[in-house]
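Two complexes come next, and they have one chain in common, chain A, joined by chain B in the first and chain C in the second.
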Partner chain A sequence: MSETEQKLRSEARDLLEKGRVNHIIGYEAGSLKFSTTPLITSDKEDTDRLVINPFINNNLSVFLGEVGGKAGIVARGCDARSIVSLIQDKQLAREDVFIIGVPCGGIIDLDKVEKLTGLDRDEIDDIAWQGDKAAVTIGGARKEFPAKEVLTDDCLSCEPPDPREYDLLIGEVGPLVTDGELGRSKIKELEAMTPEQRWEFWKSEFSRCIRCYACRQVCPACFCNRCFSEETEPAWISPLPRWQDNLVFQAIRMIHVAGRCTNCGECERACPVNIPLRSLSKKMEEIVDELFHYRAGTDKEAPPLMAAYQPEEAEDFIR
Partner chain B sequence: MTQDAEYEPRILGFLCRWCSYAGADLAGTSRKKYPANIRIIKIPCSGRIDPLLIVRALRVGFDGVLVSGCHPGDCHYQTGNYRARRRMSITKKFLEYMGVEPERLQASWVSASEGGKFAEVVTEITSDLKQISPNRLFSDERDGTKAAQ
Partner chain C sequence: MKKIKKQDVPALLVKWQQDFTVFAPSKKSGVSRMEVWDGQDTAFLDRNRNTVIPPKANFLLNIEKMFDFRKEGGSYTLEPAGGEAPRQLLFGIHPCDARATAIIDMVFKDAYEDNYYLGRRRNSVLVGMGCTSPYDSCFCTSLGFGPAEAADVDMMLTDIGDAFVIEEVTDKGKELLAGAEGVTEATADDTKKADAAKAAAAAKVTRKINVEEIRKRIPLSFDDKKFWEKVSAKCVSCGICTFLCPTCYCFDINDEMLKSGSGARYRNWDCCSFPLYTKMPAENPRAEKWRRVRQKVHHKYAFYPELFNIIACTGCGRCIRQCPVNWDITQILASLPAGAPAAAEKK
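On to the complex of A and B.
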């Protein structure tokens, strides 16, 4: 157990014992090797199950709307931005959340490690950050891989990886190797295509979509009580998962969360058919930044993007 | 559906009821000529436009969409057109990235006194849309049917 983990457990226990929070939202070990799963508890004994490791990949802020009372939440950089975004949208009061910030070294993509080592995750003994390298232990032997090769794509273009909004910061800000260019390589590929090719690309991607709405359910920015996709009068999209309606659903979802989406990559991670949704959300983040110099979740006092305007703004497309 | 000289794009126009709709009215009463390619829906304010309406119009087969409202500073509700502008610029760039031709999304500021400008706008976007192929974005080659109307 790492020092950070130990500190987190005792702090979480303390928070519950003193009644400063009603719930703790964190991570515990999952059922598969290396995997983690969300832990939501109001029992102080459960805090001994909390973990912090390079595999905590859920954005827990999505649960904040579901637990009543005050919640203590373990937050990395991206989670903290999502929380700030929720505060901006008045979905959450700052005093109702106690943010336990954990500086994040980046999340390791197990698929990438498996590919690099040629081994199944069950055959690997340990994976840990060693400075800016990932140290993989296999049967006593240790191999090191540069961070860029094992980080999830989301983390490659993350900034900032350490939480900026917190009540308590556990651990020290470590090195995170980011490579924005590498993180947006898929977008670059798409941008080089003609509109027809891009449309064909998305058409084929959304032909796989089974409209399970996992992307929407894991998204902290998708907090509407009633989604347009479920309206019946008028029915904006057909309930049948045809590619046309799948594509309309996702395009509109992305536009609706513009300025709220912190590009945490949860939608892509949750997608059971591996649609590269981050190539949409990341692009949207870039568009919003380019047009309005706005970055989601960086300033809790700022009005939400779509609730504000400047009298002088880009309108070269308007006749 | 092949592109031929007879191709007449179908345009859906969302016009704000305070400025652009009155502008279109003026175009009519002033006997200004403009292409009959546009079908007009009156909306309370350009700020009413949800990108969903635009995408839905393309989904059901319109070749282009026009959103038109009051000039900046002239909104009947003070800020509706500013909000519409933000939404429109994001929607346009994003749909372009997905592969929708930029010509399909059009916007204009037309005041109630600009009947002539309205006629010009419709003429321009009709000719713009004639430069690109009919909207087959949502057509399904597999069964050869056009998107549901």
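On to the complex of A and C.
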């Protein structure tokens, strides 16, 4: 157990014991190799199972709307930004959440490790940080890969990886390797395409979509009580998972979360058919930054970008 | 027992292509699933792990046109869609998926014969392939069969290195092999190798559930609201476990209509984890998440056995492996309470 984990466990136990929170939302070891799973509990004994490691995938702020009372939540940089964004959108009151900030060294992208090793994750014996390298053990043999090759693209372009909004910060910020350019390499490929090529690309990607809505369900920014995609009068899109409707669903979802999405990358990780959703969300973040000089979840006092009107708006239609 | 060298399999598939659309596991679309065989790819002969999209997608389509309707004056004319189901051959289906198909056959031919599904089933041939590298999420051996089970396919292949030993299971399977080039009689040594391969595969399935204990406990758990609230807390109510489950068969029906009133009726996969499930005709009786999670587990391990005397789960592990929050049905089943809840806690 790392020092950070030890501290997290005792602080979480303390919060429950003293009644400062009703629930703890964190991560515990998952049932598969290199997996973690959300731990949502009000039992202080459960806090001994909390973990922090390079496989803490989920953006736990998605559960904040569900647990009643005050929640103590383990938050990485991106999660803390999501929480701030939820506060801005009045989905959450600041006093109803106790943010346990954890320094994030980045999430290891198991798809990248699988590509590098040619094996599936369950066939790998161990993956661990060794300084700024990931040591991967397979059948007793050890291979090292630079952090840049195994971190998720989101983590590579994360800024800042440490939570800026918190009630308690656990541990010191580790050396996170970031490389914004590398993190947007898929986007660069898309930008280099002609519009026709891009259309064909997304057509092919969205042909696989099975409309399981995992992207929406794991997204803290998707907090609508009823999603437009399920409206029937009018039906904005067909419930049939044709590529056209799948694409329109995702395009509208991306526009709805613009200015709210903190690029945690959970939508792309959750997608069972590997649609590179993060290429859309990251690009959207860049556009929002360029047009409005706005970065999601960085200022809890700021009015939410897409829900606020200013008299000097450039576009006539909005006045 | 027959035998075919791996190098001779493509020619056999080409031969079968004369009568069938041949499907085989492939990742070419960006996700592993059964794809129309392209005549080139043979990767699945050496490495054939469970596909992400289960082969049920070949029988229960995610977009199935049921019929066209034409409005003329005050009446409608219906025109059935499709006609005869395509003749398809699924090469390399795993025992868990073949068993799953046999399980959902029961519901599709029970009170009402669903010819969309059954038509596809009738016109299909299943060429099974023993699963040699089960995932760490697999638990088929706890459900009364294993990674080499041949009962639910037309013929069953077992990998013995550079060749497959073939067990002919049905007459259809026998016919397909009769006179096929490259197919020879298996020697005693071949079958010995196949037996060893089957045993080795079964030993790799290390995840277990205790079906007997589950059968005892599951009926008692129905009213245990606290238990279901606890085990459903981290579920995000997406459709992954349902859509990728080879035994989940719910579908939704949707009309696409022009202004004229004419159009077509379709069906597509539906999912009891969705909060809006069955909202259209009435209400969702399971508004809270814990009721939906309970439904998922009870449907597979309590209701289906009551109706058809078989558990509607084959331990393929997709729901565990693909779940974005690692909700693990084997853990839920292992933690079923030993007794019914006290009356006060019932709901």
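Heads up, the rule we're going with is that the second predicted complex is superposed on the first by the 281 of 319 C-alpha atoms of A that agree within 3 Å, B and C clash if a C-alpha of one lies under 4 Å from a C-alpha of the other, contacts with A are read in each partner's own complex, and residues count from 1 in each chain.
Rule of thumb we're sticking to: contacts are C-beta pairs under 8 Å (C-beta built on N, C-alpha and C of every residue); 3 or more make two chains touch, one makes a residue touch a chain.
Bear in mind the structure is a predicted one, so any value in this text is a computation, not a measurement.
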Partner chain in contact with A:G19 - chain B first, chain C second, else both or neither: neither
First, second, both or neither for A:G69, with chain B first and chain C second: neither
Partner chain(s) touched by A:Q217 [first = chain B, second = chain C, both, neither]: second
Partner chain in contact with A:M254 - chain B first, chain C second, else both or neither: first
First (chain B), second (chain C), both or neither touched by A:N274: second
First (chain B), second (chain C), both or neither touched by A:I287: first
Partner chain(s) touched by A:L190 [first = chain B, second = chain C, both, neither]: first
Partner chain in contact with A:G140 - chain B first, chain C second, else both or neither: neither
Chain A residues contacted in one complex by chain B, in the other by chain C: 238, 242
Chain A residues touching chain C - in the complex, by the definition given at the top: 30-33, 35-40, 57-58, 62-63, 66-67, 120, 122-123, 204-205, 207-208, 210-214, 216-218, 226, 230, 232, 238-242, 266, 269-270, 272-275
Footprint of chain B on chain A - complex, ascending: 190-191, 195-202, 228, 236, 238, 242-245, 247-248, 251-252, 254-256, 258, 280, 283-284, 287-288, 291-292, 305-306, 309-311, 313-315, 317-319
In the complex, chain B residues that touch chain A: 51-52, 55-56, 59, 72-73, 79, 82-83, 85-102, 105-109, 121, 124-125, 137-138, 140, 147-148
Partner chain A, residues of chain C touching it in the complex: 29-31, 49, 52-53, 62-63, 133, 135-137, 233-234, 236-240, 242-244, 252, 254, 256, 266, 268-269, 271, 274, 276, 280, 289, 320-322, 324-328, 330-331
